[in-house]
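Both complexes shown next keep chain A, but they swap its partner, so chain B is in the first and chain C is in the second.
Right after this comes the complex of A and B.
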């Protein structure tokens, strides 16, 4: 059907019946969620609601936890990312990640960004690599601030700059999806605003999923919002709707700061 | 009330929201009283009450500014969401409509001195009294719909606005006949017509308040909903 064809083009990541367990404990219950292309989707909910677990399921970061077990399916452009033929390292180049605390490598600013393209064999020569590094730094809105000191250590930058360096590093491998796990929670309001502006620009090129504890941030940066509670997806929809007129009582209580 | 079943974690925020809703009720009472007073004064041709009405109008203006200031402060400090946000935004709207109704009352009182000596039939004054009662009921029902977040009551107010309009038209026609009968009545009748028009506009503001009540509860626009409903009915 034509309609279906249109929809599947719009959808970048599709999660169906996702259940995740840490040993005996079930962390996610039957999650169905579509992530749309070139949109920012924010995942909100109280601590321990499963939003980070879900985020990490999308590039198989949970594989690194021995007791973690995944059921269901997540597809990236229709390909099951949990298929046994999937190369996880390659997957993580396609689905990049930015973490809560900026974690630059203890290397130069240049090397931080160059590392990914180099190990993934994405560049042929030094000239290509230089171009990729500069382009990534520019896209991350950091280039002008660091162009004269690319040889300095990444850890010498301020917190906000470090986070933008991590974003530059994540986008250097030209991912299709960018996962952000509370990228601004360690930053001051100005650095936060710069990252939010950046997120809005990056969505032209990438599909972005962001986990945030700040409802205001979710309201500001995302087009779609999904609310998780006790491992379940309670409500998802257009961000405008979720913050002005949510349907579910649990969502209402959470975003309004009421005791359910 | 169902919407208050869950309390804010920050209790001062809950108190501020309740306080805002109470201010709207209080302002509503002031405005209802203003209409009542001015129509009474009009029918009794009591010029002296004008001062009191003007003073009350200043108090109504003060109340509107107070509500606006509280709403702005809450938006800045609490970052309200969902129905809290809708309460704050619609309170600003309702306070504005109430202030306008207050102006209508003031305008009616201002015209008393121009209708002195008009001797029209008793049934005419009964008609004006009736129109003011219907308008007041509309205002009261709209305010109750807002306070109780009562969707049905809000719809009823909007649908009954036609009645106020019809009463205005009948007063208009009646005044026209008086003016044709005796041109010496024209000044008084024109001023009385303005008074009736003010009541009719007060009724329009009551429907605005009902729309705010509907939005507060549903997040949707009442007029759009009614238009769609009418289109559906026409289609059948």
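Right after this comes the complex of A and C.
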């Protein structure tokens, strides 16, 4: 019993029997997965295996797709996020997201980061807002590069800077979980390295789930790895285990580069 | 006119025939192995047709354009004094009648002089036509022989044909540009003639507009005229008032329905609602006009009476209201397109931060779509300023300087219509005023367009 309590304290997000459909087509089959607090969990698998769909289920971004249907349950700190009483706006404030392609708003760098705190009324005055913006930019490792041009448009930054701006924007609302959908796929190796370091630091504060196509990246940044294939969760476990000693044949094949 | 038509048909038939000959010849030379030819057979066909026909076509067009003036000059020189003694005012109509007679239409019993003139006309035109036809034939045959000899395996006609196509495209653009320049120039010069009669500042800043009471002195007092009846301020004020009413109705309704259609409506609703809205743009303005005059104006007057306002039966409000409805589709359809063009990733980014749908639209989507929305509004305003039919029927004729929307006002377009309806002398100040009004109207819409373009340039955001 004591052991159980400890476990549930460690678990931030718990998915049970998750099935997701796009119209007639089923994209996810009976997914059970626990995401641990203050850990980086990476979701790997070939394209179209449902890892992004699963990620988007965790902050209900799939709601924006008309034909998408969800079955099963996902709990955040023990509360079912698909419950009728859950306010999806509040949920997304607690579960932030960074997208594959950097998508800064066509506003100034400052306004991009201030957007979340403003709409959630998290700050009472300009000084607080300034502090939040600067803190978020610093934490995203972008502040030194943009401190003299906070008024410039966010879209004027380079790709890697834009993605860090999006990370700063996401953490400015102080989420508990940060979902990252292939955040480095559009970036060069140097920008990727910067963001990977950042992810490791952010782990102190947030619970992170990252979808990635790069096995090396999964091995470098995550403590836990889950392998998806054709909408099914094939194997999950400690990253070291999955990469050195996979149990399932399919996982082996994927990691060795034989499928995918 | 029949002649011109047969000529066009003849040229079309000839070009097809020559094209086919050229293509056939090229095919024959390479013995069916098209690979051996530098240029494909179609290029050889086009080359042959262009070289043979273009000089003849250009000649014919020039003849069509100048034959009228040449023949007049010829007739005048042949008639000599018997033409010169005619009163100046009758000379033009004399020539017109003679030309008509030469074309075969008859009226009454023509005088001998007229008969003579018409004979000269037909003589000149017949001979001229013959010469042009003969020259064309020479051009065609010569060009054909020259080009036909050039159809060889190595001949590079592809480049020539590409250049000919380029020349054709340039000609088309030049026609469009020259037409625009011509209209603007004629506006400017006729306006200058008007400003000789009425001082520029009296027109632009005068507050009394009643051109029907304008008079021009005759005989001794030829220079006497009352220029202070051409004050255009009330007219432009009326246009401004009605446009303001129209845009304050069309902008919110159009924008909000665009937002609904692009971000809230389901696919099915959108598929039905969008075409329905665009039907509004297809209703003839004359229908809007009598709708405004016969339905909206009496309704507004009745409603005004109930709450204690006096609304005249022809009011700026009625005209502006109906005009606003007319331009809703311009605003909504164009705004809908630009709002749709805002990438979904921006919406996702905003939603993922926990903002609601309306927050996302107000704070992210609309700012990103702003340049497009502004240009949609500008287009709608230009439409409203230039709109005529609705205001003719519903706004009134009397130029009153007022900003009260319940009263009748008049607009620039209405005044242009009233000044040109009925018999006109073409050099009276009354008629020339039309050009001045048109010029100022043109300048206003041009300025609006330039401002809108500048705005769009300044605020265009790069998102992708």
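By our rule, the second predicted complex is superposed on the first by the 258 of 260 C-alpha atoms of A that agree within 3 Å, B and C clash if a C-alpha of one lies under 4 Å from a C-alpha of the other, contacts with A are read in each partner's own complex, and residues count from 1 in each chain.
Basically, a contact is a pair of C-beta atoms (placed from the backbone, for glycine too) under 8 Å apart; a residue touches a chain by one contact, two chains touch by 3 or more.
Note that this is a predicted model, so its numbers are computed, not measured.
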Can A:252 be said to touch chain B (first), chain C (second), both, or neither?
first
Quiz item: Regarding the shared-chain residue A:160, is it in contact with chain B (first), chain C (second), both, or neither?
Solution: neither
Exercise for review: Go through the superposed model and pick first if A:120 touches only chain B, second if only chain C, both, or neither.
Suggested key: second
Would you check which partner chain A:243 touches, where first means chain B only, second means chain C only, and both and neither mean what they say?
first
* To do: Would you sort A:66 into first (chain B), second (chain C), both or neither based on which partner it touches?
  => second
With both complexes overlaid on chain A, does A:107 touch chain B (first), chain C (second), both or neither? second
Chosen between chain B and chain C, the partner touching more chain A residues is C
Both partners, chain B and chain C, contact chain A at residues none
Chain A contacts chain B in the complex at 215-216, 219, 243-246, 249, 252-253, 255-260
In the complex, the residues of chain A that touch chain C are 59, 61, 64, 66, 89-94, 96-97, 99, 101, 103-107, 115-116, 119-120, 153, 155, 166, 169-170, 173
Counting only contacts in the complex, chain C reaches chain A at residues 266-267, 343, 345-356, 359, 363-364, 367-368, 461-463
Chain B residues touching chain A in their complex are 6-10, 13, 79-86, 218-220
